[in-house]
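Common to both upcoming complexes is subunit A, partnered first by subunit B, then by subunit C.
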Partner chain A sequence: MANTLKKVDAVIVGFGWTGAIMAKELTEAGLQVVALERGPMQDTYPDGSYPQVIDELTYSVRKKLFLDLSKETVTIRHTVNDVALPYRQLGAFLPGKGVGGAGLHWSGVHFRVDPIELRMRSHYEERYGKSFIPQDMTIQDFGVTYEELEPYFDFAEKVFGTSGQAWTVKGEVVGRGKGGNPYAPDRSNPFPLVSQKNVVSAQLFQQATSALGYHPYNLPSANTSGPYTNPYGAQMGPCNFCGFCSGYVCYMYSKASPNVNILPALRQVPNFELRANAHVLRVNLDDSKQRATGVTYIDAQGRELEQPAELVILAAFQFNNVRLMLLSGIGKPYDPVKNEGVVGRNFAYQNMGTVKAFFDKDVHTNNFIGAGGNGVAIDDFNADNFDHGPHGFVGGSPMWVNQAGSRPIAGVANPPGTPAWGSAWKKATADYYTHQLSMDAHGAHQSYRGNYLDLDPTYRDAYGLPLLRMTFDWQDNDIRMNQFMVDKLSKIAQAMNPKSIAVLGKQVKEHFNTASYQTTHLNGGAIMGTDPATSALNRYLQCWDVHNVFVPGASAFPQGLGYNPTGLVAALTYWSARAIREQYLKNPGPLVAA
Partner chain B sequence: MNRMLIATLLMGTGLCAQAAQPDPKQVQQGEYLARAGDCVACHTAKGGKPFAGGLPMETPIGTIYSTNITPSPEGIGSYSFEDFDQALRRGIAKDGSTLYPAMPYPSYARLTEADMQALYAYFQHGVQPVAEPNRDSDIPWPLSMRWPLAIWRGLFAPDAKPWQAAQASDPVIDRGAYLVEGLGHCGACHTPRALTMQEKALNPQEGEAFLAGSAPLEGWIAKNLRGDHKDGLGSWSEAQLVQFLKTGRSDNSAVFGGMSDVVEHSMQYMTDADLTAIARYLKTLPPSNPNDKPHQYDRKVADALWHGDDSKAGAAVYIDNCAACHRTDGKGYTRVFPALAGNPVVQTADATSLIHLVLKGGTLPATHTAPSSFTMPAYAWRLNDQQVAAVVNFIRTSWGNQAGTVKPGDVADLRTSDMRQTSGDDLGQVTDH
Partner chain C sequence: MSEHVPDNPRRDFLRKTLTLIPVVTVASTGLGLGASAVIAEPARSPNVPEKTDAAQYQPAFFTVDEYAFLQAAVSRLIPADELGAGALEAGAAEYIDRQMGTPYASGALWYMQGPFDADAAPELGYQLQLNPQQIYRLGIAGVLGWCRAQGNKPFHEQSAAQQDRVLAALEAGDLVLQDVPAKAFFSLLLQNTREGFFCDPVHGGNKGMVGWKQIGFPGARADFMDWAERNERYPFPPVSIRGERA
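The block that comes next holds the complex of A and B.
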């Protein structure tokens, strides 16, 4: 029997970006807030202490900051006709654990969103007609517009200390010839910091794409271009391009994280408490099932505790939010056969392609340096910036050189045809290690009827609860989009006059491979929208069915973006928090009539 | 609100010596003054209840423990105002014995009557009583006898005379002098002591030793606060000093060692007016060294490092361990990573603080207005004595810095059990919180 703790105003499940933002906003509103983080306490010091953190074996290979698969994992299958098996080794995606969550181990690419991707279905239907969208594609509108979110994008960038170059500010062009992105939507303010410097490979990409008539711009990066103090008084150091971002704690305090940018301010307020090693099992509902009474969790000593709260925020990683809703009986589970129910639907991912170019020894790319959010990109093929009509697929992709640092174990790439070991491999490594670059088409990914999340009927976690089951595979639209993008990337590579190129794209009928890393940008499963029949949350990320549960995170995205998701995740969380502060607290209840 | 509640409860239980209704404003003022005096720093044990005493303090003759100053029978609950005043300003406990001069009563001697009354009101009504008995010192007999302390008191402690402002001087500077020389007891650490342990000067009139920097204390030097550019505050503006005291950091410096606690528990609570007063007063102190000159930046070392020349002794160690933050030009990054070029801390005659920082690192305290707590990691595990000495000497002689060199033995002398060099197998990584 669980011991019941003293009731608080709000309990937050998970302490990554969304949990930290919610904690800051709700404590500012005067609420007594407890955040429960199932992983350990971790921070720049000692976890990111120099030089110990510069250790690829511990962090990248042995996955120090990532999900502990001995306690919990997901099961994966390609279709409803397959048997799902547990994901026993981290490969395709790397969920984080501990204080800071994915916000501690991310790279730092900090985009907004292309406005049309917030109204994906409406936009495609308007421009290309209803029949252009494949039958089994379940893309939807978010139910919120870029204009509504702009102030929250703006504030999130100030909190993150984002470096970049605006194209327009309040309608006035300021970024021409300076690295601004002409496809970017209008902004109310410039970036808080100027763009980071561009490494040689990014400069080569800039020259090649300019020569081809495209529009290169500086990637917006939450790695600082100089020292910074954010609106909370939290300070950041300057990025020194050490090349250890993704998968690491930043020892320079220069990569934005909940730990660096928000937690210091929360530590100064008496109405906030962070409990690490607190593993939430479920959200508790009252008899009506329309109201949450709090959460039940296991603490570090293994005790089962009940934390009552007026407000429950599910701020865990994407699929953990979905699983907690399923385990708690919040919202109707999705049934792909009947195409009914909402929790688990529209599970989407990223659709990435990569091309590497290898040069002669007169081109020095020094790709051992880098920064996770840094680089040069083009949006000429992102979102709907080009006519999809002749190509017959839905979705777009930014393309970039995002040189994040080639580390000694995994960072060695050689031209196609090089043996994987032996003296020929050594020679090629010596010849090419500092004379190559890598480009990506990041790739939006659409949602489909057959890609969804539910509870596994067989496998259970360390606490005896069903694991989450992913049913997921690449669809024809994905493959065709990927091949289009990789073809464009290859032409950009050729424009650099390399000695050779390596093309890593998807083949027709290719299946999702759990062993090959793509991104950790998982989306959907608890999506926002305007219709309770096709979304779990309303436009304020409030559960349609249980009004005092809010679920921020990429789990709310109805489909995957061309851009990296963190910027939209943060803006939506501030948007949701504002609605809680200004509307919900005054009059608790559904913010949108069902 | 809380304070009132506590006060009311205390009176209800009869724990309170003074039955009179306390003036909440006076209690609040007393709390502010107690912060200014940083009473909590010495009178609270690690992890203990505030003001309940028990903090060990090393003295040359043995360890003494701070006392319980909460309004409980074990503490000062039975003290009348006169008892309290005798202890604070004259160093005489209620039982007539003389306090160890670890209690800076020679500084407190100049507190005003009004401030004493406010402090008394706070310690009787604003502090939670704790039933924690005082702990005897570990000083062996006969040194444990206290009567010689009375002689010391007679010789070195000034008469308890309330502060008199110098005539026709700047009231802001006067206020600063009152805080620095009095309640702030800055000289307790920052003024050198004579063999007989008294501060060599309690104010500027008593000589140039006042606030001229201490001998090593618990492994740190309390630096010179006089006008010297090289190792004092000569190069600091009043605004920088205010920023430093309030937040533990300025554009080119960061607090460390014992001063971290002072910023965290005391200075950050001061009003801007009082911090300005302190800063303005400190800036009136002339340099100790009559030949003192401002720092002249020298580009030679920065240029050499920029061109890949690390032939200067210690340069390679510096590049590998320090340059990412403090940069090859020694200028650091504004408000984040302190400048080493021209930094008075790295140029003190005694290099103890710099060696200690390299060995043990340092953590910037989080303050209300600057909540980020940056940590410089420890290098004791990674660098041997020769390497530490080399990099310390490199820092002390580069970018125009002009300080004497240290020897590996100086480093060895400062290493304690928590500053050992390790094989690297444990990587010196601490994961416990």
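The block that comes next holds the complex of A and C.
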């Protein structure tokens, strides 16, 4: 029998980026807020303290900071006709598990969004006609525009302390010849910090893409190019390109995280409480099933506790948000056969392609140097910046060198044909470790009828609850786009005049491989939109069916972006929080009539 | 180049840390501890001997026969050659034995609830019910048994060329072991051998930082502010978490 705790105004499930942003916004509004985080307390000290954090085996290889699969995981199958099997070892994606969430150990590439990707279906229908979109592709509009979100992108960049170069500010071109991106939408302000320096690999990409007539720009990075104080008074020091970035806690206070950029301010206010080791099992609903009464969680001692609240925020990361909705009976589960229901639909990912170039000893790429958000990119093939008509696929891809730092156990790559062991491997590793670079086509991924999330009938977590099941595979459109992008990337590599290149692209009929890292950019399952028949949330991330539950995170994306998601995730969270503060609290109820 | 040049990046780091710390005003408790720990611990034992003590280690998990196999196998996977020490000299066998005492080796980091489908497609990732300790135990027994059945000498007494043939057969899955897929055994062995060659010495491998030196990885330096843009060879030798210098 669960013990019932004192009621609060708002309970937040999960304390990563979205949970921290919501906690800050709602405490500012005067609410009594409790955040429940399933994992342990984590912070720069001690989890990121030098020199213990500079340990590839512990962090990149044994994956200390990521999801504890012994407690819970997901199951995966390729089609509705297969039996799903558990994701037993971390591979394709690396979710967070403690205070700060994946925001503590992300890389920091901090984008906005290409405006057309918020109007994906409308835009493609307008430019290419309805029939251009494959029958089983379920892409939708977000129901919110870039112009509406611009102030929230702007504020999130100020909170994160983002380094970058604007192209236009209030319509005036400021970024030409300075590393601005001519395809970027207009901004109300420059970036808070100037762009980071470019490592040698990024310089080579910049030269090669310029020579080919493309438009290279500096990646917007939430790794600081200089000292910075954010609007919450949190202070950051300059990033030193330590190369232990992605998957690590930043020991320099240079990588934006909920822990560095938001938590210090929350610690100062009396109306906020953070409970670590608090694993939420479900959202409780009243008899009408239209109102949440709070959540039930398990504490560090294994006790089941009920936390009543007026407002419930699911900020538990994309697939956990979806699972909690399914376990709690919020929203109608998606049925791919009938194409009905909303919770679980439009599960999408990132469509990655990679090309590596290997050089002679006179090109020193020094791959141990790097920063997670740093690099040079082109958008010439992103979004709809080129005519898709002749190519017949939906979606685009930014391309870049994003050298986050690669270390010898996991980060050694050798030219194709090199044996995996013996003296030949050893020699190649010595010859190439500091003389190579890696480029990505970070492709957008579309949503399809057959790719969705539901509860697994067989496998359970440590608490006896069903695991989430992913039904997911690459579709023809994905493979054709990937091959197009990888071809462009290979030509960029060749323009660098390397000794050899390695191409890692998708083959026809290739299946999703759960064992090799793609990205942790999972999208959809609890999507926002304008129609309750095809979306679980309205445009303010409020559940259509249970009005006092809001669900921020990439779970709200109807399809994947070309860019990394967190910039849009953060802006949407601020946008949702603003609606709660200015509209919902005055008059609790649906913010949009169904 | 002046002889104390290699010290500079280290001191640079300390200076930056010191100036950085007071800047972070709104931050968690215990912040200063990180800095003082770094300052209080000067770099120790600057001269790491080229000859390592890998030979003296007594295994805790592996039996004498198993350990003889392991030592022979790692020394073929990453051999000592004209480039320098190999995995054996780096202490990879010792490292793997030490790892067998960690939660990783008992499978405690993985989702290990059944049902298991050992014949699942490789795209669905690891689906065996075996943990690393079991894979080693069954895999080594399988290879030793196979050598016996062929009428060959024990693996560790075979010639390098013979050993390489056995390892290649495991890698390709051509050598069929009864209790464990050969490929799973081989890939675990190769992965752990590389770890033992390239990990920070704090874990018992990469003794003398021999692995890092051969490829030009600077270890725990982790401060490249002045090096990010330079197309030059990075000249400073590696340092380890414990402050050893190669």
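Criterion: the second predicted complex is superposed on the first by the 594 of 594 C-alpha atoms of A that agree within 3 Å, B and C clash if a C-alpha of one lies under 4 Å from a C-alpha of the other, contacts with A are read in each partner's own complex, and residues count from 1 in each chain.
Operating definition for what follows: a residue touches a chain if its C-beta (ideal position, glycine included) is under 8 Å from a C-beta of that chain, and two chains touch if they have at least 3 such contacts.
Given the structure is predicted, the values throughout are model-derived calculations rather than measurements.
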item	value
First, second, both or neither for A:203, with subunit B first and subunit C second	second
Which superposed partner A:79 touches (first subunit B, second subunit C, both, neither)	neither
Partner chain in contact with A:339 - subunit B first, subunit C second, else both or neither	neither
First, second, both or neither for A:497, with subunit B first and subunit C second	neither
First (subunit B), second (subunit C), both or neither touched by A:47	first
Contacts of A:122 with subunit B and subunit C, given as first, second, both or neither	neither
Partner chain in contact with A:422 - subunit B first, subunit C second, else both or neither	second
More subunit A residues in contact [subunit B versus subunit C]	C
Doubly contacted subunit A residues - partners subunit C and subunit B	44-46, 49-52, 55, 227, 232-238, 240, 242, 252-253, 260, 264-265, 267-268
Subunit C residues touching subunit A - in the complex, by the definition given at the top	13, 16-17, 20, 23-28, 30-31, 33-34, 37-38, 76-79, 81, 83, 86, 104, 108-113, 115, 117, 120-127, 164, 167, 171, 190, 193-195, 198-200, 202-203, 211-212, 214-220, 222-225, 227-234, 241, 243
Subunit C-facing residues of subunit A, complex	43-46, 49-52, 54-57, 61-63, 68-70, 72-73, 76-78, 83, 85-89, 91, 197-200, 203, 227, 232-238, 240-244, 251-253, 259-260, 263-265, 267-268, 363-364, 366, 368-369, 407-409, 412, 420-423, 425-427, 429-430, 433-434, 458-460, 511-515
Contact footprint of subunit B on subunit A as seen in their complex	40-41, 44-47, 49-52, 55, 226-227, 229, 232-238, 240, 242, 252-253, 260, 264-265, 267-268
Touch list for subunit B against partner subunit A, complex	321, 324-325, 333-337, 363, 366, 368-375, 377, 382, 427-431, 433
